[in-house]
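What follows is a group of structures, each given as structure tokens.
Shared between the two complexes below is chain A, which pairs with chain B and chain C, respectively.
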Partner chain A sequence: MIRALFSGKLLLVAAVVLAVLAAAPLMLSRFYVYLMALILVTGLLATSLNLVLGFGGMYQFHHAVFYGFGAYALTLMLTKTGMPAAAAYLLAPCCSAVLGLVIGLITVRLTKLYFGMLQISLGSLVWALAYRWYSFTGGDDGIHGIPIPDLLYASTSAYYFSLIVVAASLLLMYLIVNSPFGRIFQGIRDNPERCRAVGVDVVRHQLAGQAIAGFFAGVAGTLFVTVEGSVFPELMFWTLSLELIIMCLLGGWFVFLGPMLGAAIIVTLRTFVGIYTEYWTLVLGVVLMLLIFFLPEGVLGFALGKARPAAAEAVGEK
Partner chain B sequence: MEFASNITAAALFQQVLVGLSRTTILFIVSSGLSLVLGVLRIPNVAHGSLYMIGAFLTYSIATAAGSGAFGFAVALLLAPLGVALLSFAAERGLFCHLYEREHLMLLLFTFSMTLVFNDLVKLVWGSDYRSLTAPGFLQGSFSISGLPFPRYNLFLLVVGPLVAFGLWYLTNRTKIGKIARAAAVDREMVGAVGINVSWVFAATFVIGCYLAGLGGALVAPTQNITQGMDHTIIIEAFLIVIIGGLGNIWGALLGALIFGLTDSLGILIWPQFAIVFPYVAVVIVLLFRPKGLLKSTW
Partner chain C sequence: MLRVEALRKSFEGFVAVNGARLAVDEGEVVAVIGPNGAGKTTLFHLITGQLPPDSGSIRFRETEIAGVAPHKICRMGVARSYQVVNIFSRLSVFDNVQVAVLARRGKTFNLLRPARTMAVSETRQILKSVGLGDKADRVCGLLSHGDQKVLEIAIALGSRPELLILDEPTAGMSPEETAQTLRLMKRLVAEFGLTILFCEHDMGMVFSIANRIMVMQQGQTIAEDAPEAVRSNPRVQEAYLGETAPC
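And then the complex of A and B:
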């Protein structure tokens, strides 16, 4: 099965992309390296959201909370405890996974819009705690000047670290999507009743999906801390969650790498449109409207679907 | 942290009244959201932006018409209508072409409207905050066993039940209300008996958004009118609608009561974390009744 997933062409493309990304800091200025690191982190976050949104069909309306939770977990472990940084980096995503499990235990009883709205409310509870608990989380100021390990402190090393972790995470998620678990997960999306009828424990699969998506969102959170050196409650504010859904929609949510592309477009647009005008969200809003009217399957989904349906199959379209 | 050390009966009573006047605003806004959710099945994220626009419009109209009682009355009348007009244009121009799409797309579309509306507010009113003082006879406060209670809050306590009655009358006693409730249950059947469902949807959407504007107009004298006031109200309204039962207006009333009272009593008990109390109440309600307290129209 592994061999079927990685055709020679796919491996070649992946190797070229990785090589270009690895060589990029050699010829780009610090600002662009930072921007690319931000794109990678946001892309990982959007891809982890798409794991449950696109492949699981769950209305994950408040994914950012797992991202922020991972970021805060790492920050608090680095600043308030003396534990080794490596352990903190491993433990923080696990905290997000546990949060995913806990919120999931309450939300998976519901479906569709009820699920999503309940998730927004529970996530907002976590946000409200971080926003108000000045003595512990720094409240609405957040925490700045986080002691990042020396090895990762420089912006290029933060970039390379992000690149390696994002690549590894994407590989893992790709394997998960194409594993028997991933297939059942997509089956639940398409027809939960039938899955239940053939003996699949739908709730347990959805819970596992929540935990996995939470874990990778937590990984993205730790990377954000590494790149940015600070955390603040906006990381788990609901508007970010909806922006993530836009990224998935923009790139195409039935394609594995769609959200990555969507994140790249949004982050780049925000950075450069933001230079020219303070009305960046107006631009984003209009782009989103046009997208929903004319391109509901996303850029990558559209390109792949129109050009080569077979290729879409290979990239992981359902 | 002072933990519930000096709560007197008078302070408790005062906070309950404050909570009830907060409930009024929450109910007006979330009943509009609930109406749209129930009939059109759209989680309208732009509801909060319309509330904000209502508040800003109230400020502008009241200032333009002279800040006295007359100006405020005119603003209270016109600002929600302006919001209704805006929502009508959005519905007929954009929204009505998308009803066949799934919920997620509709939600995202309303989010895109939020992004546009918020920047339009920034364009028109700038990013400074505004504050509006209530007309003379609603200013000041009177005392309840020694503790002050703002007169404007009393005004809100009068307006709340009036709006609730108006909504009850509209949904239960008028033809459009009955048609809308029927469309909420079975839109094909309503279409089959020869009613133009599209216009029923438009009317419901506009009424729902009018309520958002009315909430914004009523809240304008009580707080700073700022960018970002939409963010908190929309989450609160969503929570209220969920714990009440999607699409059930009386559920919205019940939810607003729970939310408003836990919020105001939380301030009394543990000020720093007052913001957390309503959320905890929501979680507790949903643990026992995951689909809300009252019957949903879904």
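And then the complex of A and C:
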């Protein structure tokens, strides 16, 4: 299975990257370890968005809801129930998958922009619940001091946990993108009408895509809780969803690891520019403009295109 | 095999198909001809489920399929190609056909097995039989128009249909490409035993391959007969072919 998808060279690169990431906490300060964990988590989230956005062609405008929902689900299970932490960690992403399915049941009847707008509305309802329901979700204060299992409490252990989970999730998503399901999903992106004509039940595949993307967003949500130790309604506010879309576009949304790179760029920018000015979005705006004019395929898409001119030509052909 | 009766479809007052009838028997090659706007493409959309008819009956092997969802009709054994090239433009030629093969085999919810190891020989076989074998790895958006039209047919073959519906298979092709496509269609009938229903403006092609011809005008069937009889049918000559007989 693995051998069919990864060349020896690619495996080697992956091993080196993992080794560097694993060694990083030995050399870096706590702040940088925290930052890297945040990048990993955000990157996983953006990649899960890209499953449906870049590979499925669905206008997933409010992906953050599934992230926040997973984070809240884990938090509430940890704080309000006596459930074993391991079970809560497994169950929380499933909650996000179910939410993806439920919202999807309503939204996949529509296409393109209408799908996206309806998703924003329904997602905002979920956000409003978290924002106002003080007795249950802590309202706009959120919930802090979440009892993270001791094993994951230290910042380095949270980092390693994130690294392992993110790597495993990326591997799974990569398998899915290259599976028959992924192939059909890309077919639906390119041409839903033709897919129906060759016997594909488009709606069922889109629903499954929503559930899968929701699941991995939920995984990212649980990691965020682990790294941060708190949740707040901003996790499912629509502006975060917009930022995630920007990450996908910035990194390259037809390349599997594009969103990961996009997330790294945006999170780093926000952190360091944010030190000097609260108007860091100004910088983001400029970056976006440059991106649209000079790198429409995203940074990674552009880099890969340089490496393989024929592929770039193909990607340029809409 | 296919029986269409009293089929009607209108769009906001405009009647595109108005009581059309059509019969296709197993092993036949049936052509639908008629001037632009006669309702040929709409008729094909109705048969393959892309559009629901307002009224009338479409029976495929004794099953009523009027208004049934397109993916279900496809699974019954009816596949089609499109007049305007309608393919998966970002996928490779191989992937385009493989999507159809995977869909037919019902493997589309397999999440973890690499797709590139599945349905490979069948997909290559189809590409080879239509003459696209050496272009399998090209991104199909970059193919010539003629090759894209052939790919249209290849995708339809991936569904392994019993009835193949081709909407103007040679539109926009060069004379050589048209001749090749004609040979391909003849082979599909002879070697694979396919039944073909197609529409086409190239009369030379229609008369050289069709067993029977159905003539449409303003959404109605005005003739349905053997080529010779259609050629000499005064109503057809008047309505569609003008003063001179076709060919």
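Rule of thumb we're sticking to: the second predicted complex is superposed on the first by the 306 of 318 C-alpha atoms of A that agree within 3 Å, B and C clash if a C-alpha of one lies under 4 Å from a C-alpha of the other, contacts with A are read in each partner's own complex, and residues count from 1 in each chain.
Here, a contact is a pair of C-beta atoms (placed from the backbone, for glycine too) under 8 Å apart; a residue touches a chain by one contact, two chains touch by 3 or more.
Keep in mind that this is a model prediction, so the values were computed, not measured.
Applying the stated contact rule after C-alpha superposition, one finds that A:R183 touches chain C and leaves chain B untouched.
When both complexes are overlaid on chain A, the residue A:H205 reaches chain C alone and has no touch with chain B.
Contact with chain B, but none with chain C, is seen for A:I120 once the two complexes are overlaid on the shared chain. Contact with chain C, but none with chain B, is seen for A:C195 once the two complexes are overlaid on the shared chain. Contacts of A:Y89 after superposition on the shared chain: neither chain B nor chain C is touched. When the two complexes are overlaid on their common chain A, residue A:M289 makes contact with chain B while staying clear of chain C.
Legend: residue contacts after superposition of the two complexes on their common chain; A:I106 is shown touching chain B, with no touch to chain C.
Legend: residue contacts after superposition of the two complexes on their common chain; A:I246 is shown touching chain B, with no touch to chain C. By the touch criterion given at the top, residues 48-50, 69-72, 74-75, 79-80, 82, 86-91, 95, 98-100, 102-104, 107-118, 139, 141-142, 155-156, 158-159 of chain C touch chain A in their complex. Of all the residues in chain B, the ones that touch chain A in their complex are 43, 45, 94, 97-98, 101, 103-105, 107-109, 111-116, 118-120, 122-123, 231, 235, 238-239, 241-242, 246, 272-273, 275-276, 279-280, 282-283, 286-287, 290-291. On the chain A side of its complex with chain B, the touching residues are 59, 61, 106, 109-110, 112-114, 116-118, 120-122, 124-125, 128-129, 131-134, 237-239, 242, 245-246, 249, 278-279, 281-282, 284-286, 288-289, 292-293, 296. For chain A in complex with chain C, the touching residues are 1, 4-5, 172, 175-176, 178-184, 186-187, 189-191, 193-202, 205, 208, 212, 254, 313-315, 317-318.
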